[in-house]
Amino acid sequence: MEGATPTETMIVASARHLAGERVCFVGIGPPNIACNLARRTVAPDLELVYEAGVFGAVPERLPLSIGDPSLVTGATSVCSMFELFAYYLQGGLVDVAFLSGSQIDRFGNLNTTVIGDYSSPKVRLPGSGGACEIAINAHKVFVIMPQSTRTFVEKIDFRTSPGHLTGKRPAHWGAGPSVVVTGLGMYEFDDDSGEMCLTNLHPGVSLDDVQQATSWELRVGDHVSETPAPTEQELRVMREQLDPQGIYTRGG
Amino acid sequence: MSAAVADLVRDGDVVAIEGFTHLICFAAGHEIIRQRKRDLTLARLTPDVVYDQMIAAGVCKKLVFSWMGNPGVGSLHAIRRRVERADPAPLELEEYSHFGMVGRYMAGASKLPFWPLRSYYESDLPTVNPRIIEISSPYGDETVYAVPPLNPDVAIVHVQRASSGGDAQVWGLLGCQKEVAFAADRVVVVCEELVDDAVVRSDPNRTVIPGLIVDAVVVEPRACHPSYAQGYYDRDNRFYVEWDKIARDSARLSEWLDDWVYSLSSHQDYVAKLGEERWAQLTPTERWSQPVNYGRYD
Amino acid sequence: MEGATPTETMIVASARHLAGERVCFVGIGPPNIACNLARRTVAPDLELVYEAGVFGAVPERLPLSIGDPSLVTGATSVCSMFELFAYYLQGGLVDVAFLSGSQIDRFGNLNTTVIGDYSSPKVRLPGSGGACEIAINAHKVFVIMPQSTRTFVEKIDFRTSPGHLTGKRPAHWGAGPSVVVTGLGMYEFDDDSGEMCLTNLHPGVSLDDVQQATSWELRVGDHVSETPAPTEQELRVMREQLDPQGIYTRGG
Amino acid sequence: MSAAVADLVRDGDVVAIEGFTHLICFAAGHEIIRQRKRDLTLARLTPDVVYDQMIAAGVCKKLVFSWMGNPGVGSLHAIRRRVERADPAPLELEEYSHFGMVGRYMAGASKLPFWPLRSYYESDLPTVNPRIIEISSPYGDETVYAVPPLNPDVAIVHVQRASSGGDAQVWGLLGCQKEVAFAADRVVVVCEELVDDAVVRSDPNRTVIPGLIVDAVVVEPRACHPSYAQGYYDRDNRFYVEWDKIARDSARLSEWLDDWVYSLSSHQDYVAKLGEERWAQLTPTERWSQPVNYGRYD
């Protein structure tokens, strides 16, 4: 089987991190593939929650939007968006939520609103959607996004979703970003400083590569491991079942 | 039921057996009496006959409510004796309106520190319950009242059908079954029928409570008598009328508890003791919903 | 046909007042009979709302409780109690609501909580239920209750549901009590003073009778009419269809 | 549709065509374009392709929203041109999060002066939208954020089935269809199928909107294309992908509006123009819910 693309490695690494988790708030695209891969490998009991109001989705195909009809048919429960946000998310039932962003800073604060000034933006991005309340209320957050000096920035242009702020989060929020997975490596957050810290390099990626793709001086963990390459089984599930057209995993 | 109550209801707990006239789990109340739980705080919009029975049996020290009565009949005499004459012991009350109680469960379910509503203005309720507080709108002069969240230790919720995993579906009056379940720390789902997961999944919009938040699933048909389960059995109005006479006299009430609760080992005994003729009278003819097509998307 | 009882006259008079109304928030007992009588006579399009969460009920039998299963089968809509109170009542869709009470004062303030002191009551009554929010949010309130010096009192022991307070209500509430119907007569409220004012005497009832049954000096309208006696048709619908056992109408 | 839009949508109105990915009434958007309405404020959680079309056509001066994008595909280029380059005119934005928008509709529907939620802490959203305000709990130190009510002048809500009186039933994703309808002054219900009142009344728990609040009922099958109606047709992903190319180029976009909106007289023409082959591809196989018994109580 052909070797993994960086996106595939990113998805597989995220999926493995879902081992032992129960309730996952899913976004569309790579997080969705990661969650469905985890259900077929390390987390068979994972329950998928979609902000459109679905709990316990069992999609028969790769959902192409956050509200795909395949998420509804055969699901455990469909409720109003109010109930989903109030009872599941704000009520504290979501163990892990996936977020992404166009910019992230060293504390895991995310921007999905604008590049440039808010009132005269260079690029107008989608905005919060549910991200702001997800970032605050989910027990923990997995960030999955591409890495470059344009995305890993010293200062984000707009804080849509709070991460570890400037080091610490209020105790009555969820724990915030716990892992960041990119196409190059993985990061966790230092308990004391709240700062992103490299824990893994994906196969073939050097320390220099990740520093080159980061706008600040990267903090490196004491023991940086190489991410184990995606297994044949993981690649097969992903390529044959979850994204046969390669829309998300191979830019198809 | 016996195991669920033994495991999940503890002396001193805040317990809510909800159901607005519909799906009131009397069987759970009887089991709590049988297990001689003590010092419970009982919460419910409408303490009715089941709470009169529980309070008469001495399981409860405090009542949180919005309307107490024997619906369509009159008073709850055991509760009134305790409130009016401390007979045989006082009963602490914490009182709201219906919408206030609904809001309390919703705040509890949503982890909000308060719930706002347009009620209580110029009523005496806030003067006797200082937890009902007037607050200002940040957008103008208007004020609303706030009620605090209610997170019961245990919610006992009756439903028509559930899967073995606790995914529960209800039709007819919904009361606050969903809200109290999401608000509670521990949830017991009692169902008329256990169904295949596929039945639940054939109609996900009908699911009121996901198994995720359920700690025990009890299959106990006819557990709501003399209340009712839409489509399964009718309200037994004769019992409500009889209860008025039974509860007026504490000796007669004790006798009733002996005959119908303490001396029976389970709700199945209670169902049998009522007799098939009574059940036949309470069974409605069928009236099925028209199904809907969810479509298969693969 | 046998002549009307005072309760029957009270119910018929209330029903006639529903002419032209659209959405009515119904209580159990006499109000329920009045509403169903109105649907069969003066207000065929009247939609019945029950606090249990029912809109557009078409009960095939006399409902014996506020949440009778006959209110559900065949109804237009069943919703959660939150939605009923928030969207229908608080949202301003209820044109008329029926309330009752153990005590009423001249301004239509109602007590359904206690007789005597709250903390050591002589009689513990049911409490508010939905009455407090109904009194504030319904466009107008019809009060239906028996009349005596014990119920028509100078000062109520507990104000459960605000009426015209001490004469005026805030403008952003519903208009409050507009009519009081008892077994003896009918009352409306003076626009300026907010005070209850006799408008009708039921057949066979004298001014002296109603004053004897009232603890304050009753205000009497300029033109007090005699309530037209219930017609044969009204009595027939009530006795044959709505309350054949006479549970509410003849104390059976 | 033509009459409903002509009668109920007025220049300068706040208009909400809701539906979260599901039941988005594109046909209503096209009719508004065709009737050349002007100066509308468009509200919607997720301005997607339908609002990109409407905004490109010049019906809108302001957008109230929480997430703008072509779901699963990318950006909305007509909207971005107006926001980033005022091309051809500026577009005013009022921005919340999803839960904030939901809360705004709920406050509107409930006549509450604000809606509280646990969001926005330490986000920059309140700094660019001063209507998002931090408030204190009356029960302790905690704060929450408030959002103001949103009461659209008109809500246009697509549903699967409705009676001629406007009682409307929905299954699958509910979005905010109920909340926006109760919040709006005027409501247009557009349905896939008109059904007998008896069908609605066979399953009252499925009714999302009562006819009481509905001003017009429009029967317009397939009105949600390229969005979908659960059980009736699938999302037409090909169109979403194509839109990305069309909308990048304002000349091409104008041409598309000419071909698919201005030159057609109704949505029936649009449906026919897409062709039966396309519709056949979008039709799912059947998957029916298991019915429930409500019982007859007489």
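Residue numbering begins at 1 within each chain, and the chains themselves are lettered A, B, C and D in the order written.
The working rule: a contact is a pair of C-beta atoms (placed from the backbone, for glycine too) under 8 Å apart; a residue touches a chain by one contact, two chains touch by 3 or more.
A quick note: this is a predicted structure, and the numbers were derived from the prediction, not measured.
Taking B-C and C-D together, the chain pair joined by more C-beta contacts is B-C.
Taking each chain's centre as the mean of its C-alpha atoms, the one that lies farthest from the centre of subunit D is C. Look at where the CA atoms of subunit A average out and do the same for subunit C: the two points lie 58 Å apart. Measuring from the averaged C-alpha position of subunit B to that of subunit D gives a distance of 37 Å. Centroids of subunit B and subunit C (each the mean of its C-alpha atoms) stand 28 Å apart. Averaging Cα coordinates per chain places subunit C and subunit D 41 Å apart. In subunit B, 106, 111-112, 117-118, 142, 171-172, 174, 178, 205, 230, 234, 284, 287, 294-297 are the positions where the chain touches two or more neighbouring chains simultaneously. In subunit A, the residues that touch at least two other chains are 54, 68-69, 72-74, 78-79, 86, 90.
Shown here, the protein chains touch in an arrangement that is not a line, ring, star or fully connected set.
Interface note: chains touch in the pairs A-B, A-D, B-C, B-D, C-D.
In the complex of the two chains, the subunit D residues touching subunit B come out as 111-114, 116-118, 131, 133, 135, 137-140, 142, 144, 146, 148, 160, 169, 171-172, 174, 199, 202-203, 205-206, 230-232, 234, 284-297. Subunit A contributes residues 22-23, 47, 54-56, 58, 60-61, 68-70, 72-79, 83, 86-87, 90-93 to its touches with subunit B in the complex. Looking at the complex, you find that subunit C touches subunit B at residues 28-29, 51-54, 64-69, 72-74, 78-82, 85-86, 89-90, 113, 118-124, 126-133, 136-137, 158-162, 165, 170, 172-173. Across the complex, subunit B meets subunit A through its residues 106, 109-112, 167, 178, 182, 200-201, 204-205, 207, 210-213, 294-298. Per the touch definition, subunit B reaches subunit C in the complex via residues 20-22, 45-46, 65-69, 71-72, 79-80, 83-84, 95-99, 102-103, 106, 117-125, 128, 142, 171-176, 178-179, 228, 230, 234-235, 237, 284, 287.
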